[in-house]
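In the two assemblies presented below, chain A is common to both, partnered first by chain B and then by chain C.
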Partner chain A sequence: MDRLAFLLATGLARGLVIALFALSLVIIWRAARIVNFAQAAMATVAVYVAYAVVTWTGSYWLALVAAVVTGMLVGFAVERWLIRRVPRDNPLPGMIVAIGLVMILHSVIGILFGPRHVPMRAPFSREPLYVGDVAVLSPYDLFVLLLALGIVVALAVLFNRTTLGLQLRAAATAPEVSRLLGIRVPRMVTIGWMLSSAVAAVAVLLLIPTELGLNAHSADILFVHAFTVAVLGGLDSPVGAIVGGVAVGVLITLVTGFLGAGMAPIAVLALLTLVLLVRPGGIFAVKEARAA
Partner chain B sequence: MTIKNLSRIQKIALRGIGLAAVAVAVTFVLSPYQNYQLAFVAAVFCATAGLTLLIGLTGQLSLGHAVLMAAGGYGYALVAGPMSAAGIGGPLPLLAGLLGALALAGVVGGLLGLAGARLKGPYLAGLTLALVIALPAFTSQIPGLGGDQGMRVPFVGVPDGLRPLVGVEQWHAWIAVVIALLAVTPLAIIRTGRTGMRMRAVHGDEVAAKLAGVSPARVKTGAFVVGALSAGLGGAVLAVLTQNVSPGAYDLNFSLLLLVAVVVGGLGSLVGAAVGAFLVVLLPWLIDTATGAMGLSTELEQRLSGDLVVLVFGALLVLVTIVWPGGLSNALSGRFSSLVDRFRPRVDQPAPQSLTER
Partner chain C sequence: MTADARAAEAVTSHGTTPAMLAVEGLVVGYSGAPVIDGMQLRLPPGQVVALLGANGAGKTTLLRTVSGLVAPRSGRVRLDGEDVTQTTVEDRARRGLAQVPEGHSIVTELTVDENLHLGGLWRLPGTKARRAAVDEMYQTFEPLARRRASLGHQLSGGERQMLALARALIARPRVLLLDEPSLGLAPRVVAQLFAILRDAAERTGLTVLLAEQNVTSALSIADRGVVVSLGAIVADAPAEKIAADPALRHAYLGF
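After this line comes the complex of A and B, so read on.
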């Protein structure tokens, strides 16, 4: 029972990281109708910069800022210089270019930093706190929880309570009408990419201390999990991404804790398959796709 | 009977047999290592040919094609291994193993196809991605698949009568070429025939295809199954060549390599798939040779060895998609079509479908 409580609590923290990453996929999908397969690799680049900052200055908070800023810059560069040149009449070229970008980023990181995992220390202790006799969250898990929730709330406010958020949503759902009303749609798409890529960078930065360390491929599994979440909750739904993210995180932690780490990818695949069986026709909750 | 009187299928079969005969003849002038590479190209061609139909004609992006090859390899090992352990010699284990490869790859492909029929582009790509990532977990959790070490595959020796004439590598190249012929010819027939038309229709406009009486679900699932069968045969060839099948050989990188091959070759084109297969087998070797010859420090060389190839392929993928959407085959067919026309009557579609053409 104690073990279950502990696993549930750590699963919650892990799930929020997945949810955050899934949220970044949702943002980009809503802004540009693209599933960005390069999201993990782009975020890893930003986290390498954050790692350099933390080594130079020793401040985790500066590194966090660096990750966000680099994430935004990477998102800007990728959207302006790459994705904008891709033919948009069909989703295939966009996906293929994103996969090419993954290969480029992975190999460049590999050439520059080698295959080894760079350890990254957490800013808080990872020893679990005890409530009575039951081990629950560690201070770091708590930090992850709070930061992730903070970002989710901030994004919700941005999208629902500000003019920029309204413009972003309008540009995503009805680009032609928005353009007629004076919204700079291409700029909104770029901002969507920057936001999404910054959120992803934070998610990967939060993930790294709980994993082996930083490596070109250390965010790949996170992407697969986040993608599963996107299928569960629907790519259009931020709430679905958060709820689904926590559910998948708890599932993975429970399976790893009770059945062994080897079963976790199979559990994720089984969950995906199950969802597809229960929801034939895909998980397109709202509408299929924007025409253009 | 003149060439003109042959049916479409006979022409395709004749052309395939002719190409295979040329490939077999070429094996006599190649070194053993080059023969090994040729066999490898043939195996990869089996997979890319199916993948190019899947992506180019039906528009389904599969990132997990390596898993279908792995299924073929495991199917082969599961059937051929026990047979040769029981002392059955001759060509029987090879043939039965190929059937095993077809069966297992067909089942996996059918399941994926059922999912593919329900899923739009990015969702299918994500599902197949999850499948590739989960492959090592499957092989270590299911008993009898040998975990990370994989399974040993019995050696296929040269028959006694041919032993003075051909070496082992050459014999394996022959096997690979013949299997590639058997795997790709049906795909060529499908591509130019009625089914290929249905596939294009479903890709072009699903609703219109439905109105015309085409079932998109059936077409998409079918495309996955035929692609899986030929990829399974390719996996069986790789198993014979390397005498081993292990999850490490069929990782995400290999899947992406197959994607690079079909995109760079030209989506929907079998010639492109062949060119792509040559490219993904020979380019890494060329790059390794080149970096080896440059006299770099061992540390730098180690870093470059795997990653430089991935970098080049990634850049190719991006460049071809943005600058040259039809791939190599499209560019070549434009430039040389007048030349080709002079020598052969055109039977199939004039140019492979480009990405942007709808």
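After this line comes the complex of A and C, so read on.
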């Protein structure tokens, strides 16, 4: 029982990181109808900048800000100077360009930093806290949990309670009608990329202290998990991304804890297959066909 | 201006009164031959014009060119005298050109309330002004008030078209383009929508270009009728005259 409580709490923290990354994929999908295969590589670039900032200034908080700002800049650059020039009539060119971008970013990181894992320390202890003599979760896990929840709430407020959010949602689902109402749709798409890429950068920054360290490929598995989650939840559904992310995070932690780490990928795959068999569009997929 | 005066002016619409909306020497085409070939049209402020013509005559193409969704090969579009041919769709909308495009063109993933707010976003600065305008619209369109929290895709066809019209009117546009708003609606709903349209034109001096297959209903609220065929204007006269001309109806309107 004690072990279960610990695994559930850690799984929740891990799940929220996956949820954040999945949410970032949903934001881009909704804004631009693209599954951004370069999301992990782009976020990793932002986290390298954060790493440079933390080694230089010693402040984790400045590094966090750097990750967000760089994430936004990378999102802006990729959308304006790359994706916008790709033909949009079918999804293939966009995907190929994204995969090409991954290769370029990985090479650049490799040239600048080499293949080694650079360690990045957590801002809080990763030793579990005890309630009585039951280990619950570490201060770092608690920090991850609170920050991830904070970001989710902030995004929900942005999208649902502000006029920018209203424009973002309208532009994503009905671009032509939105333009007729005076909304600058291309600008909304750029903002979507910037938001998405910043959220992904934070997710990767939160992930690194729990991994071997920072490396060009550090976020690859996170991308796979988040992509699974986004498909599970329905690429259109922010709620699906969050619920799915937490579910997969808890599943991985439980399976790793009770059956061994080798079983975790199989469990995730089994879950994906099962959901796709039952609900091909994803659990939270919107049933209604969208208007032009 | 009385309806009669407006109708009289319609006949002489190539005169000196400044046009609220004008197209000059407009040529539009997709790939082959032009669909609209050298069209001239002037709408004085406050006039309601029914744009009639058979399927494929070029009505939708004209409206989409005026709003900027389609770029013309040559010619000009003027809004209140200003040449807007080179401006974007968004800019024209912000200057007070509203379009209710073909079909029930609402944002189906947003609620009725959100759709209405969206309509006022650029023309009514400030949340308070928008809230007030939205509430005013609920009085005009009562069925919408009951459904304010419903998502767009939960609405019936009639409710969607009502919402599309309300959303266009909320922006207090100077020119309103409508593309077959009566399509698929019960006659009673059509009458209701057209009455609201006529009333808005009368109260606010809104200029309306209304493309319709429902000739009788459209002419009943219009000051003037313009009939297009193969991308050219073949008749331009006061609405009553068009309605009363059997030869015209037979040749171009198919009844």
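Note that the second predicted complex is superposed on the first by the 281 of 292 C-alpha atoms of A that agree within 3 Å, B and C clash if a C-alpha of one lies under 4 Å from a C-alpha of the other, contacts with A are read in each partner's own complex, and residues count from 1 in each chain.
The rule is simple: contacts are C-beta pairs under 8 Å (C-beta built on N, C-alpha and C of every residue); 3 or more make two chains touch, one makes a residue touch a chain.
Predicted, not measured: the structure shown is a model, and the values here were computed from it.
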* First (chain B), second (chain C), both or neither touched by A:272 -> first
* Is A:154 touching the first partner chain B, the second partner chain C, both, or neither of them? -> neither
* Asked: Where does A:97 make contact in the superposed view: on chain B (first), on chain C (second), on both, or on neither?
  -> first
* For A:264, is the partner it touches chain B (first), chain C (second), both, or none of the two (neither)? -> first
* Asked: In the superposed arrangement, does chain B or chain C reach more residues of chain A?
  -> B
* To do: With the two complexes superposed on chain A, say which partner A:111 touches: chain B (first), chain C (second), both, or neither.
  => first
* Touched partner set for A:82, first chain B, second chain C, both or neither -> first
* Taking the superposition as given, does A:221 touch the first partner, chain B, the second, chain C, both, or neither? -> first
* Asked: In the superposed view, which residues of chain A touch chain B and also chain C?
  -> 288
* Asked: Which of the residues in chain C end up touching chain A in this complex?
  -> 67, 69, 88-91, 93-94, 98-99, 101, 103-110, 114, 117-119, 121-123, 127, 152-153, 167, 171
* **Parts of chain B lying in touch with chain A, wherever the complex brings them together** => 55, 59, 61, 63, 115, 118-123, 125-127, 129-131, 133-134, 136-138, 140-141, 252, 256, 259-260, 263, 303-304, 306-311, 313-318, 321-322, 325, 355-356, 358
* Name, in rising order, each residue of chain A that touches chain C in their complex. => 163, 166-167, 169-170, 173-174, 176-185, 286, 288, 290-292
* Which residues of chain A touch chain B in their complex? -> 35, 37, 82, 85-87, 89-93, 95-97, 99-104, 106-108, 110-111, 114, 220-221, 224, 227-228, 230-231, 235, 262-266, 268-269, 272-273, 276, 280-284, 288-289
